[in-house]
Amino acid sequence: MELKGLIGSIEFPKMALIIPELTVLITGFLLFTLDLIFKRANYKLYTWISVVGYFMALLYIAFNPSLSGSTFYGLYVRDYFSSFLHFFMILLTIFVLAFTYRYYRQKLSLYREFYYILSFALVSAMFLASSYNLITLYVALEGVSISFYILTALLRGDFNSKEGSFKYLILGGLSIALASYGAAFMYIYAGSLDLQKILTYSGQNKDLLILGLVFFLIGFAIKIGAVPFHFWLPDAYQGAPTPITAYMASVGKLAFFAPVVRIMPLIQEHFAYAWVITVGIISAMTMLYGNLVALVQKDVKRLLAYSSIAHSGYILAGIAVAKAIGLKAVLYFLIAYALMGAGSFLLLALLERHPQWQNKMEEFSGLRFSMPWIAISFMIFMFSLLGVPPSVGFVGKALVFTALSFDRLWWLAFIMILATGISTGYYVRLVVLTFMKESSRSIKVESSLAEKVVIFVLTLSVVILGAVPIIIWSFASQSADILFKR
Amino acid sequence: MTVIPLEAYIILSVLIFGLGLFGMIVRRNLVTVLMSMELALNAVNIAFVGADVHLGLADGQVFALFIIALAAAEAAVGLGIIIAIFRLRRVESTDEITDMRG
Amino acid sequence: MDYMGLLIFLGVMVVLSLLLISLNSLLGPKTPESMEDYPYECGVPLYDMSAQSTFHQGYYLLGLLLLLFDIEAAFLFPWTVVYKHLGIFGFVEMFLFILILTYGLLYAWRKGALDWQFEEEVFER
Amino acid sequence: MEGLLSALIIIGIKILVILAIVLGVGAYLTLVERKVAAHIQRRPGPMVVGWHGLLQPLADGIKLLTKEDLFPRYGNKFLYNLAIVMALVPASLVFAVVPFGPEFEVFGIKVKPILTDVNVGLLLFFALGSLAVYAIALAGWASNSKYALIGSMRKAGIVISYEVVITFALMGPIILAQTLSTYGIVQQQIEQKLWYLWLQPIAFVVYMFAMLAETGRVPFDIQEAEAELVTGFTVEYGGMKFGLFPLVEWYVETLSLSAIAVVVFLGGWSPINIPFVGFIDPLFFLGPLSPFVWFVLKVSLLFLFVLWLHWTLPRYRIDQITSTAWKVMLPLTLVNLVFTAIIAPMVWR
Amino acid sequence: MEKLGAQFPLISVSMIIPILGSLLVLVLPERFTKGISLLSTGISFLIALCSLMFFDFSKGEVVQFYEHYPIIPELGINLSLGLDGLSMLMYLLTTLVSFVAVLWSVRDRQIDHRIKEYFLWFLLAESFLIGVFSSWDLIVFYVFYELTLVPMLFVIGIWGYKLRLYSAYKFFIYIFVSSLFLLLGIVSLAVQHYKLFGRFSFSYFDLMNNDYSLWLGVFLFMLFFIAFAVKTPIVPFHTWLPDAHGEAPTAGSVVLAAILLKMGTYALFRFNIGLFPKVVVFLMPLLVLWGIFSIVMASWFTISQNNLKRFVAYSSVSHMGFVVTSMFLLNLDGFRASIMEMFAHGLTSASLFMIAGFIYNRLHSFNMDALKGSAKFMPAFAIITVITAYSSMGLPGGSSFWGKFLTVLSAREYTTQLALLVIAGAFFSAVYVLYFMKVLFLDTKEESRLIHFTDIRGFKLSAFLLLLIPMFMVGLLPSLFFNIFDMSAKKLLLSVMHKLIGG
């Protein structure tokens, strides 16, 4: 009986590999338990528990960077790449957590659920980054998405928040349906759910594989926010509580891009051309559209959301080059955008705590006088998003250019230049407003020590990692090499 | 006894999936949209299970089980959001949820 | 083949029920009166035409809970059947699973989803 | 071809038997109920039509059939009729997985007295049971009357709550039997010389509660609540259409659920069981008929027990019913599940 | 290419000093700001003079004071700083003009608010500019090239005149977008190097060895050229310049015109000619004609200006046309002319903008008509103006003379017609300076309005003097400067000639 064979092969999971995930998960359950036990919540305690838990996971990854192996019958893979992404995911989650308490208190929307759903989102994101198996990818994708729907909606009495969440839900559901349908086709083609096996399998029905891959990628394209599948993104980003927007723009981006990046080394000769064309065109549309629409926005949060779309486009341009250099560029840019996106949205979250703040562009004028340090840090983020050296944004763009020129995708490079040119319009306008226009209104927001530290660290990292890119580059390069060696 | 060919499963699933997609795009009622989404996911289940019958494997059924579970979770969250929307403003159609534009 | 009997039975039952439904219109008298098909509302004129409006949100919550637990049951059934072969490993795995399920139940309980009489803001924070 | 033909004939016979149970016995149970109720309340009950009212169900049936066919003015005709089909069909289909007795041999053909003996019998039972909720919701909604709607929502709420409870309650026996086949479960009980009632008292009690709730019996008959809701979701139905709902709900479903309870907890057709001793069959003189008699006996006993409860207990409120399901029954079943998982190895030995 | 290591890291010290100064400005209270800025730019200037003393003129083509610090060795990105003859000249100009700009700003009335920030940006700008002219790694060059935008954006945007926001915006967008092409070009070169040699390198010395097909070369050349053509600017790409120069505060315009424009021409020399000799030879006629077109068109625009600052700005465009034209004539005289013109224009345009700024301080207007007859009441100022204007015009003895003269000579080496075209261009540029002089000195209406004006003195006078002295030196002792850059010009020409003959 085959059941006997299956049961005989039961193995005990290699716990050492999944300790980070387990730590985060246990933190989440601890918070959940506390929530169930106590009638009155101590939100500061919750925050501290989360931070301590995540920090432990972070330390484990930091001290065991080259831990690798696979467990759960190949459903889970830990390699250098996943550790690398996990590190930043956890770090950014901690950063986001620093901003939540005061923000939600000001908005009268403290929910205890927030804390453990955040940890579930983190754990799913981590799983998303460390698997080749479609089942794990599917479950993790749903985990991240569902957590995001809830987190987006967690703003009391705010219709935009619900609206954004609902739109996200619908398009997210569509994306998941498409991705899993693609998975079904690939399964029919190769009889396996392992992406490595599927993409290296030489079967009869290549059309089935390509159809499946296209569906799968469209599913992820929706999650990433690539044009023409982006409709949810601006609304969700604008509607969500701003720390959550920061979270979606950083950890979410990392998580949703991770599987796509994992596919890159597996691209075979016979559909490499289709890959380049498809991803290239989507990337071109994404960056042009994102930047053009951002140009006419009045609401800064929405503007930054469109800029996030545009950055997805830049990253996709790197993904179009399915070579090691492209992968390295993409990894660097991903981390770069995660830092910049988190930083800019978190700054916005800080400013939003002012009761009269409306996220309107004009409100930035005079910020230099009322909150000089915030203004400077905002300027650095804007310049970094624009790609002014020495910042991570610049290095990321330069690396993507390198990758494009490696494949001689000049047309995409020119479109990227054009798109960046368009983006100059709004980033510089924000800087100009902040520093060069004076306003009678003075906006001052008290910030806690943790928030100050986080903003400082993020700003500094944007500059330092841009000036000395080797810090990220060496990790990105190593993980790309490992992925390609497989 | 004849085995149902794989094509039959695929055609059925494509039809249902198309129906689901169509519903998601065309229908305006919030709950209907959600239901269409579930329909699309169930089409995926059919494809997976059909593939399993054809290939003689069990992986697809496991996938289908996960799809069922997570689709339910998603539907639960979706219903929750719809209720929240309804409590804030008495809307039932997607045409009425257009506060954010541009 | 195993299901052949069920299918035939299904067909028979459907036909039978349709028959039973239509018997009334065949056998019953036809004495149309103006108000005989008027909806029952204790004999007073209708307050509003449609009763198909929204219902108490408690029902939705029940629906959500059913969704949760029925799906989890779908995972438990295969386990129950092969539990004998799984040994202690299977027990631990499923214990964790049931624990998580219980967490879901406790959550619903704690947040008042099981209390029928909702206040305007039951979700006390 | 020969085999197919004989199989079809056997299926036909089985279906006829089940139909007889569903419609014939079901109809006559109305009389039983009325008699039992009457005697509990110290009155004679129907005495006019036939000897001690024996022909009463027939008279009722004829009366219902000759009523005018009415349809509520603002309702949805298709769904209105569909609701009845949805109520009757799944409820009767449950009997397809009920084993009435052990396999026996007639004219050289081995016959299992069960319509479809599949390895997912109990799953089928759950699936069909879940469909009941559609009938209720459709009936209430299609009638477009407030009473009907409120009644149907209440009933639907109760059904879905107890659906979960039933599912979890039956998991313990499944672990012990290692099969989902109803026939297999009975066989396991006979082989292990143990009614699962002895190991699963909690599950059994919970199951009985759930059964009362599902069938809308007192103390869970909140959806009917004659005093407040007339008769709940059936208020806009008339004639035979009205007649079918109580038939399905009170008799067919109660019977089928009792049968499943007997199969899962009371060893199906097996005689009386005493733990650590084995089976004792006081009806041994009936020979090969004794298993069938035992089965019928057990089911009848359970049914009478339900009737007894119905006519003695007061009614609960809707919130009490649902919160009992989630706060008492479900935790109990979960505890029972884990407990069963622990003790199961002892049973298998 | 040879390199001479530095005994003492002169260049990085002269870069770090302004940065240190800016930090001090940031930290210390406002009353120290001006002193610190003067001191740090002054020291930088002195270091530059020192380096000139230690510069080995006989090995002008060799990169001297070479410093090398790895940044990403894997990708071949290193911070390598050094000076050859050409960059030495630019380095001198940068430190000098920065010092002058700070000196001028000390008493500029336009700078009456956010003083700390103002000097901070100037100090940072100086440091970045030194980086631009001294880096031999293309990525590092690009980083500095881009970084100079930021201080200028702020200087124009905060302390500029009426249309400052618009101009700052426009300036930034033009230069930034064009320089993205440069970035693409740079990385493409490095990728080309990788494909040929199997490793990444952004080092100038490595990339010189690159080999490429002609059309790929043309493509990469154009990527570089677009960026520098906007920066220089050459005529169709010049529209950002009048706005930026016209609306910037005086010192800002000075730095913009004197140094930032030189970045474009310097880079054309260094990269377009140095890295793509084959392509330059191929494209030469086109580029020369383009340059002449630029001269003529810019002169034409200049004459029609009524705003003094815009006038000077357009004249800069025309001068840059000379630089470009002579550069692409591809002979020794052309190269010499081009480099001399760059240096000379750095001095004269700075001076002209300071004149404009001075006039604005007095008149609160840039309208040229308002100037009429002002020479009579401000003699020192008038003298300075005359010297500067004639210098700019290209009269013998003036600093621009050698540039224009040598351009004509080098054009003559091809055909006389070409030389005539260049002379026509020079004629136009003389016309607008003469027009300016006429307005300033020959029209003498409304004298009463000007009568209470005080003459130039103090800080501003010394700023002028600092510019006038080298201006004279260029005009009268050109060989001093030729010595500095001649060897590197020859070296460049050699590489081009090699292609011209060999390829």
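Letters A, B, C, D and E mark the chains in the order given here, with residues in each chain numbered from 1 onward.
Criterion: a residue touches a chain if its C-beta (ideal position, glycine included) is under 8 Å from a C-beta of that chain, and two chains touch if they have at least 3 such contacts.
A quick note: this is a predicted structure, and the numbers were derived from the prediction, not measured.
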Chains touching both chain A and chain D, listed by label: C
Chain C to chain E, fewest steps along touching chains: 2
Middle chain, criterion being Cα centroid separation: A
Chain separated most widely from chain D, comparing mean CA positions: E
Top chain pair, ranked by how many C-beta pairs fall in contact: C-D
Most distant chain from chain B, judged by the mean position of its C-alpha atoms: E
Mean-CA-position distance for chain C and chain A (Å): 39
Length of the line joining the C-alpha centres of chain B and chain C, rounded to whole Å: 20
Whole-Å gap between the CA centroids of chain A and chain B: 25
Euclidean distance of C-alpha centroids - chain D vs chain E, Å: 96
Contacts with 2+ other chains: residues of chain C: 63, 70, 82
Which chain pairs touch, all of them: A-B, A-C, A-E, B-C, C-D
Residue ranges of chain A touching chain E (in the complex, touch as defined): 383, 386-390, 394, 397-398, 401-402, 404-406, 410, 413, 417, 420-421, 424-425, 428-429, 431-432, 435-437, 468-470, 473-474, 477
Contact set on chain B toward chain C in their complex: 1, 65, 68-69, 72-73, 75-76, 79-80, 83, 86
Contact footprint of chain A on chain E as seen in their complex: 71-72, 74-75, 139, 142-143, 146-147, 149-150, 153-154, 157-158, 164-165, 168-169, 172-173, 176-177, 180-181, 183-184, 187-188, 190-191, 194, 219
Touching residues (chain side chain B, partner chain A) in the complex: 6, 10, 13, 17, 20-21, 24, 30, 33-34, 37, 40-41, 43-44, 47-48, 51, 54-55, 57, 59-60, 62-63, 66-67, 70, 73-74, 77-78, 80-82, 84-85, 88-89, 97-100, 102
Chain C - residues contacting chain A, complex: 82, 85-86, 89, 103, 106-107, 110, 125
